[in-house]
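What follows are several structures.
After this come two complexes, each holding subunit A, first together with subunit B and then together with subunit C.
What follows is the complex of A and B.
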């Protein structure tokens, strides 16, 4: 499961409802996305750091959240520097890091299940458009449950590929993995149908 | 006609949103495939690691067809926007919409839909080269048509032309992925018949 990111706590930030946090995050992201001035970047960074302090979430969690960005930035920033100059490259870097840090504060202080409940409630008005929030929620939970299953299938398939001496063949990895994933899904579908889901 | 035999275990009759339990399970499984595949990076050639995430996206369209592929990609984007660490770029939460890659991410559902639609045209007997064509149209044409303007929009000083030049470095990787997706999807359709919705009924087959 993808629950490893939640840092338990009883702070003001933790207790705020997920909906409120998402709205505040959206509001926060607007200025930093439009005006990329150093002053605004400084203020925004300070706001995020204060948020982490209030939530009492150690900064090493923040660093862990930002770490996956390194490949993306390693490709994008040098290009921006070369094409548009250092200033533009720094604006991009700072803006993106602050935005992801702010988003991380929300996910670190909110349980995934609470976030998804909020999304489910948020989708209610879309019923008129034919969106079925319960169906969305069911599919989300099926997907979250399927992630570790697919990871297992990936490792099984990697081992099988090694045993066949085809380490370097992407085809010997992807084809069996996808077939196994499909078969898993069909079993899940049968189980749901057997419990009367389609009736 | 032996090839029209389907392995559909549940009768797909219900259609509240037109999605059966089997459809939901397949959608969820391909969303999971996109998530599970992102740590897998292949360093093949050049400075850019090939990320397998959009290979999974191509496969969602090519294996599941337009509708379910669209929903699988949409669900994936929803997970990213809610803040789960699912995108290979590391961008998450609402920051997805302000990142330079916004166009590429927003294009995901459309990419899967276009690939799926094209593949369905040749269902149930899908050839490798046809899936490759579908992935080139969806995974490159559609993806970059939204991705490049998105990048130019998010970096005010980047023009469409410079954003396009920058994106060129990913094209070789995408070509490779389109070929892999073609080989894999065609193989999957041979192994598991009946995955794609039947094409528009031309004539009822004689065998039941």
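What follows is the complex of A and C.
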């Protein structure tokens, strides 16, 4: 959902307007987050898979989108199991995977810029409250763009720490990671200024 | 050609003086800037598009004061940074190029067409909708260049655009720079890339210590560095 991947196509799913897709996604997510019966889960999963088939998006894209979830689930599911029991843990697992899969169908079949334009238009009424839709859309794009960059910074920092035999030191991770991230943010700010964004 | 002028320029970051008494008139099409680490090259380059405003003196581009007419300067002067990762601000390749066009009067189809053309020219046509983070370092730098050149600035300032690239990609980027109609100011440590350039300025400890055609200026610089 967050990899920024777009799979081009001319299917019904691709051609539906981003606004419609977002509304349908929201409607789809309500039942699966409230009642979680096996029947509903099965039907929901089937709907998502049919969506992927209609969009002609190969399932390996879906797997790539779900992959980042594994860390999150590795922590959350055992905790849920311990706190609320096996059934609740399974509900969480299934519900989350189906929700992310559904959201991925929307993001994989829609250009980020089209989604952002839609969000931007949707936010226009909030202008009177002092919200600047242009800035919100830019912030969201920058955040999406920053995810892989910060992930790379994290890998680099982990490797540097290992190379120096400091695997166990949290400071040898947190300090350089924060410094690198802040420096990256400064450079992005400068690059935006150089491209005339602030004028 | 555009006209870049440094008039009695000095600069200090806080107490630290990094440029001293720079007077330059740059009217050639291909201008290189070389110098040791920390000599002040990036500071000088940044002044051309107003990212750094000198503490003393003025920098003029076609008569416009870079410190006072920032918006007009940035439309005229494109700037490429050493680290394309920070320069690419949009999630996908085409979107990043299109981001540069958001303030123009072009219609959406015209924008898309321009983006397509530029990506073709930079051999990125096949990556139109790919996430920017999937590109190689060389391709990222090409994308950064494409995103700047799509607005057709009159001047292109590049601060070590080939530092992260292998020899083949460095050559490719340099050939691209040499093919441009724009005036190009290139800061680099890759001296052989400047062979044949009309003018090379050598900076040392914040001062211009040599200024002339590439061959002479570069051999002076090599002697200065004891190489």
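The rule is simple: the second predicted complex is superposed on the first by the 129 of 199 C-alpha atoms of A that agree within 3 Å, B and C clash if a C-alpha of one lies under 4 Å from a C-alpha of the other, contacts with A are read in each partner's own complex, and residues count from 1 in each chain.
As a convention for this text, a residue touches a chain if its C-beta (ideal position, glycine included) is under 8 Å from a C-beta of that chain, and two chains touch if they have at least 3 such contacts.
What you see is a predicted model; the values in this text were computed from it and never measured.
Student: First (subunit B), second (subunit C), both or neither: which does A:5 touch?
Tutor: A:5: touches subunit B and subunit C.
Student: Contact-wise, after the overlay, does A:192 reach subunit B, subunit C, both or neither (first, second, both, neither)?
Tutor: Once the two structures are laid over each other on A, A:192 reaches both partners.
Student: Check whether A:184 is in contact with subunit B, with subunit C, with both or with neither, and answer first, second, both or neither.
Tutor: both
Student: Looking only at contacts as defined up top, I'd like to know whether subunit B or subunit C touches more of subunit A.
Tutor: B
Student: Look at A:75 in the shared chain and tell me whether it touches subunit B only, subunit C only, both, or neither; answer first, second, both or neither.
Tutor: first
Student: Now for A:112: first (subunit B), second (subunit C), both, or neither, which partner does it touch?
Tutor: Both partners, subunit B and subunit C.
Student: Looking at the overlay, what does A:135 touch: subunit B (first), subunit C (second), both, or neither?
Tutor: first
Student: Can A:149 be said to touch subunit B (first), subunit C (second), both, or neither?
Tutor: Once the two structures are laid over each other on A, A:149 reaches both partners.
Student: For subunit A, which residues lie in the overlap of the subunit B contacts and the subunit C contacts?
Tutor: Subunit A residues touching both partners: 5, 112, 142, 144-145, 149, 184, 188, 190, 192-193, 199.
Student: Under the stated contact criterion, what part of subunit A meets subunit C in this complex?
Tutor: By the definition above, subunit A touches subunit C via 3-6, 8, 111-113, 141-142, 144-145, 148-149, 152, 184, 187-188, 190-196, 199.
Student: Can you name the residues of subunit B that touch subunit A in the complex?
Tutor: Listed in rising order, the residues are 7, 9-14, 16-17, 19-33, 35-37, 40, 42, 47-49, 55, 59, 63, 71, 75, 78-79, 82-86, 88-95, 97-101, 154-158, 162, 165-166, 169, 180, 183-185, 187-188, 191-192, 195.
Student: Which residues of subunit A touch subunit B once you look at their complex with the stated criterion?
Tutor: 2, 5, 22, 25-26, 29, 32-33, 36, 65-72, 75-76, 79-80, 83-85, 88, 91-92, 95-96, 99-100, 102-104, 106-107, 110, 112, 115-116, 119, 130-132, 135-136, 138-140, 142-147, 149-151, 154, 170-171, 174-175, 177-179, 181-186, 188-190, 192-193, 197-199
Student: Considering the complex alone, what residue numbers of subunit C touch subunit A?
Tutor: Residues 49, 51, 70-71, 74-75, 78-79, 81, 83, 85-92, 95, 98-100, 103, 129-133, 147-148.
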